[in-house]
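Okay, got some structures for you below.
In the two complexes that follow, chain A is the common piece, with chain B as its partner first and chain C second.
Right, the complex of A and B next:
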């Protein structure tokens, strides 16, 4: 028998972190971006290649391009230079990354992930590094380093959990973003990031749905919401002069379980008589530009504001989306803002002024709905959600990037009677990522996602065993798309839903017909039956 | 079998040590030293599963306890960066551990270890098959979406 057939691998191959060599195994990497998508976005070096290939077909002067790109960005983004300089390697962030915790791979420690870039910075941009090279913590920039960057910067979901623990506030997600920008300069990008961006550019949304398809989907949802409630529910599209432009992630009108959340929004808007419109042009809240470069993020974000201007709305209301809110809350103002052609958002129902949205003029649907509930303007019957025992996953971006912690909980506790939190160190600011954000949520990368999602699933398993939890709620489209797979593997028997789906179940609408089933068509729990427009329904 | 709980504890302890040694050295102090099950899920699954398995191996060998313990551990190792042989090596680490602690591996223990190994093979394959079918399911959903 040839020797290779009887060799048994002793350990997963790993070594010194300075050694840039990585092995690309199918199942735990994202595939390269198709040349046509690079073309659509005018990005350099379109070609056929895959990460598993030995030859990545980099441009001949790739090294100069990367170093020039780094130089430019060190100058342009003060945070980048600061993060390169100030880390004291205290290790507080080391065991905070879900990829590190799930994979046990030391290069997934945030401090080491950053060091992959920092060692190049030291070698080429500091005096000691230029003089003393590796003695000063520098590394040569080689093709292997580029491959390593690709591997580890597409193994970071930009979730920012590590930054919560860093005493200096170093945000490794920002370093990952820089790493991806530099990789983009030489054509090393993934299809799962660039195709949605290219689609969004072309049709206005990640899925590439054209205006007539958008209208069909929205009309279909409106019809279904009408059928469920017995009320006439219509959704205005591209209506000029509406007070509010409502922008949601495209998955809400094309994915499951997102779709039930959409039904929830539509019912809510009908009940409060909101003067709003959706748009076939701004038909995407999400922004996959965030996952490739600042420039791309800016281009995609601008579409929403252009449309708000064109439709002459007063302000923007946004749906249950994750990174949409990172972009709006942390970048929009300096990229495309201030949106001073819009008005400071005021709830037309309660009169609440959303001061926090003074510059972006965009309000999160959970802020909006929690305010309605706080003022007692909605009639809710939480018993209609008695078939669910729910917990809440703080989606990374709304939680860490905009501090949206109480609003979704206010809604959940008003619309459902069985609610249990996961352990303290896995929620709120410390929430564990789903493991599929920042453009990693593709099927070819499933093993990596299952590793990265393990800490989150582990906490869900705990509340399932302790309280019988059967529903994980969240407010992010990527969560809704990827958590079902994660849970099926780690915690079978727990489903995934948006917060506004449960709101749609509990919302008692004026003149509605008797409701016996929830938005998924599942019958209400027996005692919640026949509460249709019941007078005993609780006022929140 | 009249082996006391204390022996099973020592077996578990050394077994955990050997199993952890397959992970990179930098992470060992954390994996073995952090006892919060939410901060250190990998270390805790290894600890809990191997403790249960050692107890059952030297005790009643109750399937209701061994099956979930094997599943939890194998499920995790099936997605980590291990070859199949490396993922399941922990079972075979039992022999030297028992020989070390008990002096010998009795024929009964031998056959129990074999039984655990076979269970682990089955679980490993089931997990890998599940990953493949979950991927397929996601691909089918993707195929329905308009532009992909």
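Right, the complex of A and C next:
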């Protein structure tokens, strides 16, 4: 890709945002969802169409459907009604959005993204809007507005960074979610969201891998982990009566560099002798329902508790995934709980009771591992990661929907010796999105992804130049899938890894064979060679 | 054009007040009728709006967390920015409402030479905070007009506000601050291209209206030297439901009064309702405890799921040949009916 393709500039906004006209350019849109995927999920208006088409083949009464849908959601969600009403347009959110910074498109200012919806709300649902129309900030709902919604609500990664800065906590993710729900009602959805959702619904995971294929992938990883360590590592599938159901994003057993994180988990579980199982039915932690509708989120998420109940496990352990944890942390218990058939999670190794997961009974792998490290139960040799100079990207959802900030850092600082933070206003709750979340991570949308990811890449570049950082760690499957492309474009020479990949490198397992290479097969840094028999283990 | 319309409407209101104040019929309408209408609109509108929000349920637990969660004793949690208890939520809300915590984080992003530069930016926070506190102080000072005897705290606030003892009558700091802050917010709306781009009629109207109220107030106090006793007589009469406009109030007073009535009537139907809405914001007023306490969704609709029996039925042979345990006994009846939960 030529260096000049993506020019990042700052441009003063021009024109009037109330003009809904949008130019659909390749590179900055996601293609429409295939009719078969809508069919598989019993969604309305399956048909062949593309955003570039003049005629979107909307149902004849689309306007009524959208307005009725809005009315219903205004009644069901306080967030929606409130966020439609109280914005004062102070502009604090404007330059907090990675898509605005990267594209200089003024409709990517979070406030304007919300105004695209608010203007319709005012026109049809408020007294002043009905009386005064555009003077009161109202707009007519036209087909062009639908197209504009499609463009901009699929140009928001629901990362919630703007909400951190909003004096009223207005959350653009809520508005984008409503926008997408309304678009779904008239069949305007993207394939990158609905195909994984349809696959997940049917087979259990985004990739549509059937149970035998799932087993092959898992077995392959277990064999590789066995080979690396010289130990016998097996992964139980659909085993009843295990203590823990382990749920991970499907990318972990299908994608790279996710795969190395999976090896890390498997080695950890083997070393501590965890009594666990994975499930082929609930073989997906991720939930693309979050990117389409609350209803779809619930439909896909239901499998996890159902499977935990069927397998009679005591609690659920969840792998590294951002939006999966948004759902597990903020939605699962409400939607598909109560989890009264499970027990309050207790670490079988340290005896720690995970009080913060007392009700959902779902623990984040970083919480689990950080607790192990804190108690000194793991033998770690951080020198095995000396070939990495790492930084950590707070994935949006764990940061802004949970506050899972120090647990991954605790692990990182115990498993590697070269760790440098990116600038303060680009990490933790102020972290910049990868630019590809919320179902935007498809190649046809690459230009917009590179634009949206620019602020994140820029912060990586800063620590690369300052500290020689060559590894960006993260705990999100979408990050791992899309950050490599982003960094290759903006900051060549920086790799992407999960936290548990580095743990897997550093973990000194009982009876392991001498290890000379990391999970990627890259040789350890010279002075770390003799680590196979390292006697000095590093504990937190 | 929005800004011009907004200015014209505010000027028209002020002019109506000025003109009405010079006619006996106008004085009666402005001092004895309109204030009641405005008060009714304000109270009813405000309650209605709050109720509209309050009636809508909060189906999901969606706080935006701005710091470390409470997990282990050995990791220090951000008790206020990521509260896990109701006390923490109280502190977070207090910080939002009294100190504009989130706005305090504001930064400015600039792109130059292919780099993104983030810098501190406190002006919006400072001017917004100064404006709101000054406005509150001014409102509380106005209690002097409605209460007899004047409460001690009102006198104390006045002494504090006129601390510098400049001029006669002494200059209230809050008057200076409110006009300066409104002026800054207005200039920012004009000069910052992004903010100008997003500004609607209502954004300018609110600022012009507040400025006009402040300016007419200042004119009365420092320049036309209105007799406060007359104002108090009217205010007490209004409060006692026996309104009687005394002589000698002057046209500027009526302009001030009409502008205030316009603000009160307009507020419930405008973005100025943020003063009530902030208390209900679900990203701020919920504790981050959704994994330790179940949040209930009052309309938790059943949905169609793909159940395990359906799944096993479809993949049974593949499961068996892969050696994955199956659940349903051989030859069992059709287990594939969709279950809703």
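Please note the rule applied: the second predicted complex is superposed on the first by the 523 of 540 C-alpha atoms of A that agree within 3 Å, B and C clash if a C-alpha of one lies under 4 Å from a C-alpha of the other, contacts with A are read in each partner's own complex, and residues count from 1 in each chain.
One rule holds for everything that comes next: a contact is a pair of C-beta atoms (placed from the backbone, for glycine too) under 8 Å apart; a residue touches a chain by one contact, two chains touch by 3 or more.
Treat the numbers as computed from the prediction; the structure is a model and nothing was measured.
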Three-chain arrangement built on chain A, chain B and chain C clash or fit: clash
First (chain B), second (chain C), both or neither touched by A:393: neither
First, second, both or neither for A:485, with chain B first and chain C second: first
Which superposed partner A:101 touches (first chain B, second chain C, both, neither): both
First, second, both or neither for A:28, with chain B first and chain C second: first
Greater residue coverage of chain A in the superposed arrangement, chain B or chain C: C
First, second, both or neither for A:454, with chain B first and chain C second: both
First, second, both or neither for A:443, with chain B first and chain C second: first
Partner chain in contact with A:423 - chain B first, chain C second, else both or neither: both
Touching partner for A:208 - first (chain B), second (chain C), both, neither: first
Superposition clash, chain C versus chain B, among 24-32, 42-50, 96-104 or 114-122: 114-122
Overlapping contact positions on chain A, where the chain C interface meets the chain B interface: 8-10, 12, 14, 94-95, 101, 106, 109, 203, 210, 423, 425-426, 454-455, 458-459
Of all residues in chain B, those that touch chain A in their complex: 22-24, 26-27, 30-31, 34, 36-42, 75-76, 79-83, 85-86, 89, 130-131, 134-135, 137-139, 141-142, 145-148
Parts of chain A lying in touch with chain C, wherever the complex brings them together: 8-10, 12-14, 17, 42, 74-82, 85-92, 94-96, 101, 106, 109, 111-112, 115, 126-128, 135-137, 160, 163-171, 174, 201-204, 210-212, 215-216, 237-240, 280-281, 294-295, 298-299, 302-303, 306-307, 310, 328-331, 333-338, 352, 354-360, 362, 367, 370-371, 374, 399-407, 410, 423, 425-426, 428-430, 454-455, 458-459, 461
Chain B contact footprint on chain A (complex, rising order): 8-12, 14, 25, 27-28, 94-95, 100-106, 109, 195, 199, 203, 207-210, 213, 254-255, 423, 425-426, 443-444, 446-447, 450-451, 454-455, 458-459, 462, 485, 488-490
Interface residues, chain C side, partner chain A - complex: 2, 5, 49, 52-54, 56-72, 74-78, 81-82, 84, 96, 100, 102-103, 105-112, 114-116, 118, 124, 128, 192-195, 197-203, 269-274, 277-278, 280-284, 288-297, 299-301, 303-308, 311-312, 314-315, 318-319, 321-325, 327, 341
